[in-house]
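What follows is chain A paired twice: with chain B in the first complex and chain C in the second.
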Partner chain A sequence: MTARGEASRFETLPYGVGRLTGGWALLVVALLALVGWGAYAYSCQFVEGKVVTGMRNIGTMGGATWGLYIAFNVYFAGVACAGITVAALIRLLNLNALRAVARMAELLTVITLILGAFSVLADLGQPLRALINLPLYARPQSPFFGTFTLAIAGFLFDSLVYLYLAGRRDAYLMARYDTPLRPLYRAWAAGYRDTPAERERHRKTTFWLAIAIIPLFITAHSTLGLVFGLQVGRPGWYSALQTPAFVVLAGVSGVGLLLVIAAILRGYLREEQRLGTGVFRWLGAFLLVLTLAYLYFVVVKVLTGFYAGHHHEQQLTQLLLWGAYAPVFWGSVLLLALPAGLLLLQAITGRWNIPALVACGVMVNLAAIGKRYLIVVPSQTHMSLLPYGPGFYAPTWVEYSIIVGLFALGALLYALFVKVFPIMDVPEEGVR
Partner chain B sequence: MAKYAMVIDLERCVGCRACMEACKVENDTPQAVFWMYVFRFEEGRYPNTRVWFLPRPCMHCDNAPCVKVCPVGARYKRPDGLVATDWERCIGCRYCEVACPYGVNYFNWKAPEKNYYLDWKDRDLGPVTHGATPPYKNPDLEKPYGPERRRIAGGGHLKGVIEKCTFCVHRVEKGQTTACAQACPVFAIQFGDLEDPNSTVSRLLKKRPHFRLLEEAGTQPRVFYLGGHPPGGEVRQIEGVKARV
Partner chain C sequence: MRTGLMLLLVLGGFALQGVSYFFLAAPWGFPPSGVEHSNPRVPFAAAFFILGVGLVFLGAVVYELLPERGEG
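Right after this comes the complex of A and B.
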């Protein structure tokens, strides 16, 4: 079979699967270069130690011992939890209008969970030892236990099973095509024939899996909130609001990113029909509700910090409102308030504009990153209960490079998946 | 079973920081790491100012937040009250550090070969020691301790793990006192067994009013302060150490 013949065999596959364009190849090369750069930065850190980062000890060193890695771990875990939850809600509530984005959301979850796990590994001083000692000596009393088990391992397993089951039908349909990818589709379908009995069994299984995913999302992301919210010795962290705010901000960032991905794929695959305005209207409405809820949490947190707070809480609130962290705080608030206004306007007028929605998705994600940073860093640099004096934290090129490398890895995995497996449900009529 | 505690008399402390020096030499800690730290405070307004000092070792809390959060049990409470760090088990997540309200934990940001308080390879040191190279590592710091036989003394200083004041477990298990208490020229630091009613620490706590740092955090520290008062919001640190690696 000639190369031309191979290409023509892929022509019939839906959603551009197997068709490698020049633009796509360029994107993959660029992403590979960024991943390589991130890997190089990590190798520097691995060899020389965390001294190459901007993190230092709390106290006499006047630093922050957790920095960008933990902030992005929380961000990635949030996006992941929200992604699969959207997929589960689509299944549970029969939101057929959103079925086109279900697999995008499932894939987003799997990939961002991997990125979340990598960002924790990047943060650990002894990552290899951790891989052995965590299973050997795990202590459920530590809030980290929930992060490693529920938020990463449990969710990753659950999401992979969900992605696999939900994709079996499409794998069966794709296996009808005579392409080099057929063995993969056959393996994925694993004997599935799309009979009415099999469909029913799948429907029931994914339904119960979806039911399990919702409470798992809330508990998993709550444990991540508890990593901070249980620490009485760190003003700004010790708060009952921490946990629900974590869950809601996870929803904001996850739905926002899903919106952006759906819009990119809509343009790339020219699927204006399947990814119509209806899909974006739903996602926009979700995003609006979640963003307003999170803004409410921000207002309540600032009010309690000022009104009845311990003097350390007051100091922290002042630090955020007009101190060293004010630019990040107000920047994040603006990047939440502006999309909230835009979304509200579109909801009232009933005119949903996709570029405006994408802008909202980007803005809320930048805001979520800013808020995660503000949760992690100021309480360490400025909020020691003993009078050590203020410290500072400035990330180095190593930390930035590793984070950029992780984003590139995520985009790369997404781009590769899109060329191997249909990113949306395959319509029956489109298959031979 | 002994119940170890430290009593620090703030009325005696002259802020000489000999305890900091003794701790560094005894435990061979890396540069910019102060398992024992002495705050030098100033309070009031000129001319009515007062200078006072507050030594700060690890508090070896009975309800230690660092022990609670450790995901692998590397940080643990011994029956005799010492809060120990098993540097062979630590994975370097630094959760203990963010959980501790006292700022006593130090992470090894890099391999400390050239980073010790005294660099024995330093050329300028040769004339002082007449070319002699003292033992680089105190073998006592490397040994396992306690019935659990875990490595918890000040050895290692491995890159990527957390460490802190051990209450000189390697000395205490030999029946000695801590290095900081040993070095204090004015006997401001006392270390001993609270279970023994005749120990200096028991007699001092029976005789004189005392406080513990951040009692409101519920950590139940094993370090007691005599005289003075906890540092409030009005104190200013004189020449606060901001050494970084």
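Right after this comes the complex of A and C.
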């Protein structure tokens, strides 16, 4: 069959699956170039060692041993946890208005977990050694186990199971089309025929999976908070608020990013009907509640640290409020407060504006990155209980390039998936 | 058959998590930073725990994929 004939066979598939446009190809090439640049930066780090990064030992070398990579690991893990929780809640609470974004959220989770794993590997000088030693010696009682092992290995597997099972019906419907992707859809559907018995079984499975996934998300992300929150010798980290604040900020960044992705796909696929204002109103309302809750945590943390904290806590709070980290701190607060105001205004008036919601999604994600950076770095550079002077950390081009490469990898995986599998539930009508 | 296998995976997965956490991994005790409370009693205890988590979720795949008797 000619290329034109092949293309015409894809014309009938829903949501642009299989239709490779010029703009999409250009995007893929640009993303591949960025991934390649990130891989080159990583190869420099692997060959020359971590001296090419801005990270140095705490205290004696006046630096931070955790920098951009760990800040982004926390960010990616947060987005991942929020993504699967939104997907689970949609199926658990039968939120039909949000069903269109369920797969987007599931895919977001899988991809960001992969990116989170890569950020941890980038942080390690000898990643292969870590891959062996972690399963060999890890201690399940340790919060580190809960994050870097349970969150990434266990959670990634669970999310893949969820994505796979939730996609079987659509794979079955897609396999009705005669396209070169049919073998893939048949394999994915694995004998599914959409009978009432199968639907009922799927409903039951999804319900129990959702029940299992939500506590797993809270446990996994709480232990990530505990990695910091249990370090008694590190002012700024040792706080009972660390864990709930981690979970809530995870929700903020995940829902914000989902809003942005849903808006991009709405425009790209011209699906104004399925991805209508109702979807964005729900996501906007979720984002509003979570952002306000997180702002509340910020205020409480600053007040307690400043007013009644141990003097190191007070120093750290001053450092954040008007010291070296003040631009990032106030920038993040502004990028949370502004969207909170915008969302509140839309909620009060009942007029939800999609471009404004997208702007809120972008702003809260920038704020989340800033807050993750502030959680990780200042307590290492400035807050040692030992008599060391203040330290300094500035990421190098290698670290920035690897992070850009990771974002590009995430976008690339998303763009490829959208062309292979429907990103939303396929309506039965219209399918042959 | 299908339900039985699913239950076996789910219960087996939880059992493996419990056994690896309480009997194969490093024992609880003070000081937690001591060598005897840090090294696993059995190598790869943590990997067994993760395997247990995986088995529980694999139960869902088995439940959905295996046909019930008579369904063909």
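The definition used in the following text is that the second predicted complex is superposed on the first by the 431 of 432 C-alpha atoms of A that agree within 3 Å, B and C clash if a C-alpha of one lies under 4 Å from a C-alpha of the other, contacts with A are read in each partner's own complex, and residues count from 1 in each chain.
Heads up, the rule we're going with is that a contact is a pair of C-beta atoms (placed from the backbone, for glycine too) under 8 Å apart; a residue touches a chain by one contact, two chains touch by 3 or more.
Quick caveat: nothing in here was measured; it's all calculated off a predicted structure.
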Would you sort A:L209 into first (chain B), second (chain C), both or neither based on which partner it touches? second
Taking the superposition on A as described, I'd like to know which of chain B and chain C A:V232 touches: first, second, both or neither. first
Contacts of A:L31 with chain B and chain C, given as first, second, both or neither: neither
Looking at A:Y137 after the superposition, I want to know if it touches chain B, chain C, both of them or none. Which is it: first, second, both, neither? both
Partner chain in contact with A:F145 - chain B first, chain C second, else both or neither: both
Quick check for you: in the superposed arrangement, does A:L385 touch first (chain B), second (chain C), both or neither? first
Go through the superposed model and pick first if A:R56 touches only chain B, second if only chain C, both, or neither. first
Residue contacts on chain A - larger count, chain B or chain C: B
Both chain B and chain C touch chain A at residues 134, 136-139, 141, 145
Which residues, counting only chain B, touch chain A once they are in their complex? 32, 34, 37, 39, 41, 56, 65, 68-74, 89-95, 97-111, 158-162, 213-214, 217-219, 231, 233, 235-237, 240-245
Chain C residues within the chain A interface of the complex: 20-21, 25-26, 28, 32, 38-40, 43-47, 49-50, 53-54, 56-58, 60-61, 63-65, 67-68, 71
Could you please specify the touching residues of chain A with respect to chain C in the complex? 134-141, 145, 149-150, 153-154, 157-158, 161, 164-165, 168, 190-191, 197-198, 201-202, 204-205, 208-209, 212
Tell me, which parts of chain A touch chain B in their complex? 48-51, 55-63, 65-66, 123-127, 129-130, 133-134, 136-139, 141-145, 148, 227, 230-234, 311, 380, 384-389, 391
